[in-house]
Amino acid sequence: MIDPVILFFVLGAVAGLLRSELRLPAAIYEFVTIVLLLAIGLKGGVELARQPFGALAPQLLAVVAMGLLLPLIAFPVLRYLGRLPRADAASIAAHYGSVSVGTFAVAVAYLGSRQIDFEEYMPVLLVALEVPAILVGIVLARGLSRQTQWKSVGHEVFLGKGIVLLLGGLLIGWIAGPDGLASIEPLFVDLFKGFLALFLLEMGLITAAQVGGLRRHGPFLVIFGIAMPLFSALVGTGLGLSLGLSVGGITILATLAASASYIAVPAAMRISVPEANPTLSLAAALGITFPFNVLLGIPIYHALAVWADAFLKG
Amino acid sequence: MENNKRKLLTVVTEAALEATLIKDLDRLNAHGYTISDVRGKGSRGVRHADWDLNASIRVEVVCDAATAETIATHLQTHYYDNYAMIMFTSDIFVVRPEKF
Amino acid sequence: MIDPVILFFVLGAVAGLLRSELRLPAAIYEFVTIVLLLAIGLKGGVELARQPFGALAPQLLAVVAMGLLLPLIAFPVLRYLGRLPRADAASIAAHYGSVSVGTFAVAVAYLGSRQIDFEEYMPVLLVALEVPAILVGIVLARGLSRQTQWKSVGHEVFLGKGIVLLLGGLLIGWIAGPDGLASIEPLFVDLFKGFLALFLLEMGLITAAQVGGLRRHGPFLVIFGIAMPLFSALVGTGLGLSLGLSVGGITILATLAASASYIAVPAAMRISVPEANPTLSLAAALGITFPFNVLLGIPIYHALAVWADAFLKG
Amino acid sequence: MIDPVILFFVLGAVAGLLRSELRLPAAIYEFVTIVLLLAIGLKGGVELARQPFGALAPQLLAVVAMGLLLPLIAFPVLRYLGRLPRADAASIAAHYGSVSVGTFAVAVAYLGSRQIDFEEYMPVLLVALEVPAILVGIVLARGLSRQTQWKSVGHEVFLGKGIVLLLGGLLIGWIAGPDGLASIEPLFVDLFKGFLALFLLEMGLITAAQVGGLRRHGPFLVIFGIAMPLFSALVGTGLGLSLGLSVGGITILATLAASASYIAVPAAMRISVPEANPTLSLAAALGITFPFNVLLGIPIYHALAVWADAFLKG
Amino acid sequence: MENNKRKLLTVVTEAALEATLIKDLDRLNAHGYTISDVRGKGSRGVRHADWDLNASIRVEVVCDAATAETIATHLQTHYYDNYAMIMFTSDIFVVRPEKF
Amino acid sequence: MENNKRKLLTVVTEAALEATLIKDLDRLNAHGYTISDVRGKGSRGVRHADWDLNASIRVEVVCDAATAETIATHLQTHYYDNYAMIMFTSDIFVVRPEKF
C-alpha cells in the first residue's frame, strides 16, 4: 500500500514537468515547514522527558562522527571521479553529510503507517547531524584558513530556522511533557500528515524545476545522487546495529545518513563557499536523491534493517 | 536646484545576500536603503523565487555620486563573480537633500 | 437553520461594502483554495474507487454536452438582447457555461448539513464541466480562426491550478482509497468547512468590490446574472432526472449548471479573448450570480429537485 | 505546570534576542490572527445566544467607563512624572486604556487548562474596551479641536480588522448557535491553542525587536510598563467584584484592564496623532507589558481574584 | 521626442499612510499610481516589515513636472515631519504621453 | 564613461500577462528581466491585487536603446489596447556593460 503523501509528491513532480501553473505560495511553504519542524521537535522532546538524557551521549557522539565522516568520503569521489572543482566537490559533500528533514518526515510516516516503533529520540540525532558536515565542507573548500569568518558561519548554522525550530520544539516538548502538549496536538500531531502532503506537493514542483540543472551537468551527478545515499545507508545501518537500535531506529538512522540537505546546507554554503555553484548541489540533492529516497530508498533501507537485524540475532 | 541632485544605485541580486549587503551598506556610509522582493532572469538563469535560495531582491540606495561609486566598486569586487547580480545607477532629484 | 459558512460570506460582503480594511492575505486565500480543491478531488476519488469507472461514461458525455450547450444559448441573449460587443458576449457566455468550485462546495455543505446523500462522483462532473465552455467561448469570439493558438490555450486550460488539483486529488483518492487517506483526513475532511468559511469570507469581500463594475454596466447584467442560473438550473435538473440521479445528485448538477466560473474562465479569457472587458463578466459572475446561488439559488435548486423527483415517481 | 503556549513565546523571544533568522511570514501571522479573532468572537457569540442580551447592559456601561477612566489616569503620570511630550503621553495612555487580544487569549488558555469557568460573554467586554481609550487619547492630544476628522477616525476605529472580526464572529456565533458551529469547530476550536502557540512565537520575535526602542527611551517606560498594568488590574478586579463576576471572570476583567493594545491603537494613533513617536508606545506595550502580563501578570491577577473573592465572601 | 518627457515621482514611506496618500493623489490630479511593498532603513531607523506598523511602501507616480512639484510639496508639508518618508524624482520618457 | 549608458524599460501591467511577456522578452533579445508584484490605479481603474485577476506586475529590462525601442513598440502594438499597461524608459549607467 503506497502512502498517499508520496502520491502528493508525484502529483507535484508531474505538474512541474508539465509546466502547470500550480504553485504553493512561498508563505504557505514556509508555514508548512515551520509546523513540521516544530512537530518533529515536540514529539522528540516528549520522549526525551521519559529517559535520562545522559544515556543519549554515546549515540550523539557516534552520530556526529558519522556526520564528519560521510562528507570526507564523498569529497574525493566528487573531486577525482567526478572531476569537479574543489569548491563544488566540498559543497556537494557537505549536502550529503548533512540531513533532510523532509526525508526524515517521510520515513517517520512510512514506519508510522506500518506500526513499526522506533527510538523516539531520533529527532535529537537529526539535529546533531545537521551541522557537522557543514563545517567539514567549509574546511574542505578553504582549508583551515584564517579568512573564514567562523563567528558568522556559526551564527548562520546554529541560528538558522531549522535548528532553532527543531531544538526549540525539543525543549518545549521536554519541559511541557505529554500532558502539557495535549492542547496543541490538533495542530502539531493530527495535521502532521496533511501538512506533510502539502509539503511534498511543493517539493515535487521544486524537484521538477531541478531537471534543467541536471541536464546541463551530466550523468555523473545522477549516478552519485543514487550511489551515495545507498552507501551512506549502509554506514547508517551498521552504526544503528552497533548502537543496538531497533529495526525502526536502524531504518531511520540509515535514512538520515542517506538523505541530503536542501535547506540548511545550501544556505550556509551560499554564504561561506560562494564560488560553489548551487545549481550542481541542488540538482543532485533535490533532483535525484530526494525523490530516490522518498520513492525507493526508504523501503530499501527498511528491508536492509530487517535483514541486518535478523542476521545479527540469528 | 542642482544641489539636490543625487544618485540612485539599484542592485538586483540573490536574497541570500541580504544580511551581508546590509552590513556592507552600513559600513560604506549609505544613509539608508530600500529593499523589495523580486524575481527575474539573467545570465545566471531563471530565478523565480519559488523557494528561499531561488529568491531575489532589489536593493536601492539614494546617495551622492562618490558613495554610489564606492558601493558599486565594493559589490563588484566582492560578489559579482559568485552571485547572480546586476547593478546600475541613475540621476535623481531628492527632496530634503540634507538627508542623503 | 442557516449554515454558518453562509454567514461568513455575508460578513465579508458587509465588511467590503462598509469599506472595512479587512482582507485575507493573497497567500492565505490561495492556501484555502488549494486545500478545498484537493479535498473535493480526494473525496470524489475515494468514491470512484468503489465503482467501475466505465459506468460513468454516459454521465460524462451528457454533462460535457451541457457544457457546450449552455454558452451557445447564453451568447445570442447577451449579444442581441444585451447588445454587448461580440467578444464580451462570448466571454460572459463562457463564464456561465463553466462552473464555480466555490458554489459547488457550498452545495455540498448544504446537502451535508441536511444529511442528504448524492452520487459521490460529482467532482468528476465538476472537472468535466470546467473546460468545454471555454472552448466554445473562444470559438464564439474568434470563429474557428487559425490565429487562435490552440496549443497554448489547451495548456492554459488543462494545466491551470483548478484542474490539476481536482484531477490530482481524484487520482490520489482513487489510488489510496479510504483507508490510505485516513491519516490526512484531519486536514482535508475535518477542516473542510472551516476553510470553506474563510474562503467565503474573502469571496464576500471580493463580491463587494464588484459592485462598482455593476453600477457602471447597468441593469441588463443584473437580470442576466439571476435569470441565466435559473434557466441553467432547469437544464441541469432535467439532465439529472434523465440520468436517474438521486435528489441530492440532481441538486448538485443543477447547481453546477447554474454556477458561473470566476477562476479558470476569467484567466483563460484574459489571454485568449483579451478584447473582452473582464469587469463585465466578473461583475455578473461574482457580483450577482455567486451571491444569488449561495444565498438563494441552492435552496431553490434543492426544492426543484425534490419536486421533480416526486413528480416523476408520482 | 507551565502552559506550552507560553514556552512558544519564550522561544520566539530568545530566538529574536539571539538574532536568529527565524520569522513567521507576514501572511501567516495575519492568518493566525484572523482565526484567533474569529474564534474568540464565535465562542462569545454562542454564549450570548444563551442569555438575554439586555442583561449585559450594566456590565457594558461599567466597562466602557473603565476604558475612559484608565487613560485619564495614565496621562498625567506620563506627562508630568515621565516628562513626555503631550502627544506621546496621550498616545501611550490610549494604548494602556485599550486592550490586547493576544493577552486575552492567553488568559483564556490559562483558565481553560485549570478548568476555571468564567462568564462567556467576556469577548463582548473585550470589544467594548477596544475603542473608548482611543477617543480619549485623541482628545488628550488635540483637545476637542475641530480639526480632528472624527468621521475618518470613526471609520478607522470601528472598521479596523480587529473589531470587524470580533463583532462578526460574535454575530455569527449568536445566529448559528452551538449546533450550527459544530462543523467549523475543528478549525476554530480544536486548533485554537496550536494557533495561539504560533501567534506567541511571532509575538516573542516582535517583542525582542522592541528592546532597542527601550534601551533608547530609558527606565521610566520600564517602570510604567509594569506598574500601570498592576494598577489597572486592581481597578479591573474591583470592577469585577462589584459586578458580581466569578473568580474566572474577575481574572479576565483584570487582565483586560492590565493589557495594552498593540494592534488597533497603534494604527489609529499613527493616523490621528502622527506626531506621537510610535517607538515609545510599542516599546512599552510590546517590550514590557505584553511579556510581563503573559509570564507573570495573569497568574498574579488570578491569585488576586481568588483572594478578593474569598475576602468578600468570608 | 521631447513631448514624451515626464517625471517619475518616487515616495518611500510607512504602509500606514497608504489610504491617506491615495486620497491625496486623487485630489492632486495624479492620473494613476503604482504601489509596492518594501522594507528598508533610514533616519527613522530600521523598518523591516515584520508586522503591520513596521511595513513600508513605495509609491510611484508618472506625471508632468508641475504635478510632481505639487505632490512633492504637499507630501513634504504634511508628512515629512511625523512619518518615515523619502521622496525623489527622475526624468523618464513615456509611451503614449497623452495618458499622463 | 559613455559606453556604460543603457536604457531601463519599465512596464506596469496585469499579472495575467506575465508568462506571455516573458516569452516575448526572450524572443526580442532582452538579456534579462526583473519582475515585482505591485498594485495601483490608472485609466483602467483600481487594481488592488486582492486576487489573481486584479494583480499587477512591474517588469524591468535593462538593455540598449534599440532593444528598448523594439520591445516598447511590440508591447504597444500587441497589448496596449486590451490590457491595463503603462510603459516608460529612463537613462541609466550600468556596471559591467558587456552584460546588457
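Letters A, B, C, D, E and F mark the chains as written, and numbering starts fresh at 1 in each.
Here is the rule we go by: a residue touches a chain if its C-beta (ideal position, glycine included) is under 8 Å from a C-beta of that chain, and two chains touch if they have at least 3 such contacts.
Everything numeric here is computed off the predicted structure, so don't read it as measured data.
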Inset, instruction - Determine the set of chains touching chain C that also touch chain E. - result: D, F
Legend entry - Chain pair, A-C or A-B, that carries the greater number of C-beta contacts: A-C
Inset, instruction - Could you please state the distance in Å, as a whole number, between where the Cα atoms of chain C are centred and where those of chain F are centred? - result: 35
Legend entry - Whole-Å separation of chain centres (CA-atom averages), chain D against chain F: 46
Legend entry - Shared-contact residues (touching 2 or more other chains) in chain C: 21, 23, 25-28, 31, 186, 190
Inset, instruction - For chain B, jot down the residues that touch at least 2 other chains. - result: 36-37, 90-91
Inset, instruction - Write out all the pairs of touching chains, ordered by chain label. - result: A-B, A-C, A-D, B-E, B-F, C-D, C-F, D-E, E-F
Legend entry - Footprint of chain C on chain A - complex, ascending: 1-5, 7-8, 11, 15, 18-28, 31, 109, 112-113, 186, 190-191, 193-195, 197-198
Legend entry - Partner chain F, residues of chain B touching it in the complex: 10, 12, 36-43, 56, 58, 72, 76, 80, 86-91
Legend entry - Residue ranges of chain E touching chain D (in the complex, touch as defined): 14, 16, 20, 45, 49-53, 55, 79, 81-83
Legend entry - In the complex with chain D, residue positions of chain A that touch it: 25-28, 30-31, 34-35, 155, 159-161, 164-165, 168, 171-172, 175-176, 179-181, 183-188, 190-191
Inset, instruction - Over in the complex, which chain F residues touch chain B? Could you list them? - result: 6, 8, 22, 31-37, 62, 90-96, 99
